[in-house]
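We call the chains A, B, C, D and E, going by the order they appear; numbering starts again at 1 in every chain.
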């Protein structure tokens, strides 16, 4: 599915003819061609009309690249990733961009919500593009990069919520969640690290970006990518700590359980011994125990004293 | 709220006219305009009168940037963070600075205590500025950077106090505090790392700073930022260790609890067995137990011996 | 065992004469000589006919090098590793490549499945080589690098499977598997790190690779190596986390066991005390217990109440 | 307190006049002025006579700098730290050095034992200075750097002693000591890291050091600083491991305690059951137990058998 | 003890005269002077005849340097370490090398087995030196570097053996061994890291090495040093993991012990309660128990049922 945008808004048709015509006029009106779920015809357009290198076509077909930018004499070929929430998982959307002097071609397999929103915004108010071909390219790249922020914010919140959860409950379930978050954050860190390098190179080498003096704008985008990378790096640090906290909390809890057990045993084992003692079949002992009230009072008294002594020790150790 | 400072102290008014007049005279008298909680009129002043790039205005409006410095032909735009204690939490205050050849404009949303104090100090003794426009800029930047030191010192103290706390008590509460400190320190390390890079660039590239040979002074500020970064890096290291110490202390304590339980069980389980033994209904045994004194002495004696043996083992293991 | 390939497909013979003839014609038809399990005659061919440096011959004989590239005036000598699954273990296959202006000589001791497959593909469709001598070299290197991807994918899957395994069962067996995976991943990271450096140098310095403008293709290979390195780096991170999760799960389980023990002891120790109490030989107590029904009801009642109290506490602590 | 040294030994007086005179002659006889606990007069000497920058004076007054070197046109200003043992703690002594073409001024607040020793050595044998002004500077810096070695050696020994301590006893006290050592080592690493950078810059930029071809000597000092840094880095690594070993030892010990408890419980709980069984008031059972010898033998026999079975299992598990 | 080697084999005498004569002829026949356990005469030879800088002599005397290379106008002075097994410990042998244009002087305090073997090999077959003065230097350096490989291989094996040991037994002894290995590996990593830097500098700067085009050979040596460093780095990683595995195994074992205890307690505490119940002195209960067979069957039956229920739960939890 193709969408064709120029500085004057969305074009009606995006057939091969329309595209070639726009391309001829790109130095004035600019050209952004967005291709979703490219088919054979689209690939032939890229290869025949635009004469892009076959390696770039292969990259689009194989997907699963890493963020990168390849410089060709006539254009730059960039792979940019955008993170998004897919249910409870972080998914990574791959976008392939051909950045030419006056045009931009973006290719992606899944539908891209942020790009679709940008298209309708440009359609409604074409003055967003400032009438400059290069500004559309900036808008697209800026949109793709900023679309990762909400994911980071939700991750940040989730980690914040976890903190309270762990120190209070430390259920196996929260351990599981820490581990899955760690997994997502590790992956995210990998692609944001590569993306940061891409933007550093785009800004210093990417000649086609810097026409019409767009450097200031891309510097801004670069700052955003660096901020994303630093955030995800901190999250990784915090998740590692969270796992340590979890382990400590479990150990603490184990200690609580053991204190309970020890208290129970300390209270009742001596008492059992005493009842056992008074239950022995010694004639002498039995003889003594015949004298009713006093003996019984002594018996119950020793038990109470044993209990008192235990309770005193528990208090001294701060268990009760 | 605007405050206007020149090398001769605070100006009475900070209306648009007064500012334009001061600006015209800035190469001699310097100009520091401090804007707190900027409103629409202030933004228009920045955009129209000073002709600052719209991207910088957007940065001020969106806040939540990272420390950075952007170079523009006529001025540098810097974002500097200052840490401060907000109750029990570390808060980060964002300051946006326009550094021009003879002027400085500082913008911040919340009230900034260190800047206000600096203003009153300059008002009282304008000779602080040495009559040089560039020196005001240095004073502002130096003040903002040094305002983070007290936070680091309090963090350092808190970590020192924790040390004793953990090895003595290891309460879940101290675990919680370690984790929150780690959180603050992680965030602080992130912004101080970026700030360090900002100052390195300010010093090597920031042409507008180096008029009137201020290099020596900014080198000093840079040293302070590096020291802050190194301190926070050490704190992070120590907090990681603190968590390990906590876990070890909890395990140690668990071992203590277990030793108590084992001691109780070792003392009373054999005794209970003996009382049970002497309580059996064997006619033979009961017959033997009829002979009063000696049998009873043997019975109590075996119990005492069992207790002695246990106490001997406890001592050998160093438990008592 | 020698195999001789040119841009027009596989050569019939690979005797010394055939090779010399091909070499003379290499600037047109290219030349790829693959030597498996080299013997004395092969080494003499390398040393006498091709005049390769004796240090490179020694490297092939000693094996056990690290990925590297040595530049000689007439050729580059590269050592490239390829990972493969050998039963349940990751094995590393060493390949030695002489990269000349128009020829490539690959030497390896064990049979190399990916190279054999490439040979038969070229034989079937020689147009794969695009008729360019340099393109064969690219195909060989690309094949060797990409042959490591399936190993990484299987490792990735194994780690994913482990995750569920640990948090559910945490058997000593899964600990063992984590450790062995860590071992493989550590080794793999070491060789991929070196390989990444090799390719960076091959691309920037390796003059014999860049004839016929192959730079674009090698950039693609380099990207793959970097992706492999980043993947193995993430895996290492995840395995470290997995070990922490394992430990936490074991501690959790220990806590479960302890809760069971505490519950059992808390239920039956008080009951045992009560039965002991009612079994004491006090005449008074025995007298009281003579009144049949009510006394028995009181006795069983106290036991039931003791049990109720325990169950109430268990529920409050969330154990049942 | 001032001390004045020249290549011909210690000067009698160190009044302002004597210093100015020496300074005039410094290109021949050199000049080392050591100021301990500087007072107002000393600061005025530095500012008026030597005309040092006011920022450097402030640094001396505020202390608490980090190791650094600032280049001024006429001199270098260096802050160098020296570690020393203060009771059981590592203390860091701050030295401020002005390094001029022919003179050196060292300022420190606390008395400095290594510098005092150097002074008396020079006084006794002035030929140590080789009659070169620049050589005194080298001697001072070398002395300050090497004074940190004994501290590192004692730390190294302490860590070595800890090793045996932990795996044998693992007392909470040794945990405490690990943590405090970690603290010292972390701080030391921070200042040695900065010191390393200082010396790298001193050697490559520090023009006033390199007169009279002293480069070779300072390279030697640099090597010492790097060795100190590497040592403290290793110590940090080992202390982290020590904490892990501690935790493992405690867990091991806990397991020992648990085995004891389990053994006691396994031995006596079955025996208690048996004594309880033979103590039941069943008429049938009581009837059987009337037959004296055999029944009693059976009773004691079952108890012995139960004990044997337990002991057999303990041996199989390797507990006894 | 001196040994004198030239390209034509070992010289008979190594007196001062013989050395001076050889030195005069070194540009043709080369010269390797090996000094073991240098005495005053040897130091005077180095200082007077060869005119080496006094700092290098001091370094030899003080020993305990780190791997380094110092460039002097006429020669390079290198300190190279070689690891060797000393009983069960890794020892580090220090070698000091003076590398001149045509000569090499190696100094070491302890006897050096690898150098002695090299000497006898050169004596037997002088063609090893290829008749080039520079080749002897290469042979010596190559020998010293490669002598560390066997130590690394034994370390690697030891770590491999540990793996099985830990997951099976986890004795305190293996913890001790891990810690000692970690210590050795940490130290080794420190010196190999410095050694790597030495060789990088020797290759790029060391002019006296590169006469007669020896670059290719030293590149090979450098590759070996890098491989050694990477190996020791991996070992460090694996030992850290080993410690984690150890801790997990101990925890697992603790859980096993606890399960045993819980099983014993769960089986016998209810039984003890029942025997206690049937041993109570209630007239009613005693009356019931008079009816011989059925009551006894009920009593034993309830005990069997209690045991069955416990066994059923154990099986459900997978304990038996």
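Throughout what follows, contacts are C-beta pairs under 8 Å (C-beta built on N, C-alpha and C of every residue); 3 or more make two chains touch, one makes a residue touch a chain.
Given the structure is predicted, the values throughout are model-derived calculations rather than measurements.
Q: Using the touch definition from the top, list the chains contacting both subunit A and subunit C.
A: none
Q: Could you say what rotation angle superposes subunit B on its sequence twin subunit E, using C-alpha positions and rounding to the nearest 5°?
A: 145
Q: Report the inter-chain centroid distance for subunit D and subunit E in whole angstrom, where each centroid is the mean of the CA atoms.
A: Comparing mean C-alpha positions, subunit E is 25 Å from subunit D.
Q: Roughly how far is subunit C from subunit D, going centre to centre by Cα mean, in whole Å?
A: Centres of subunit C and subunit D (C-alpha means) sit 40 Å apart.
Q: Which positions in subunit D touch two or more other chains at once?
A: Residues 244, 247, 251, 254, 258, 261, 265, 269, 272, 276, 279-281, 285 of subunit D each touch two or more of the other chains.
Q: How are the chains arranged in terms of who touches whom: line, ring, star, complete or other?
A: Looks like a ring, each chain touching just two neighbours.
Q: State the ordered list of ring chains, commencing at subunit A and continuing via subunit B.
A: A, B, D, E, C
Q: Give every residue of subunit B touching subunit A within the complex, in rising order.
A: Subunit B reaches subunit A through residues 53, 55, 59, 65-66, 68, 70, 72, 170, 172, 175-176, 178-180, 182-183, 186-187, 190, 193-194, 240, 243-244, 246-247, 250-251, 253-254, 257-258, 260-261, 264-265, 267-269, 271-272, 275-276, 278-281, 285-286, 289-293, 295-296, 299.
Q: Taking the complex as given, what residues does subunit C use to touch subunit A?
A: 163, 167, 216-217, 219-220, 223, 226-227, 230-231, 233-234, 237-238, 241-242, 244-245, 247-249, 251-252, 254-255, 258-259, 261-262, 265-266, 269-270, 272-273, 276-277, 279-285, 287
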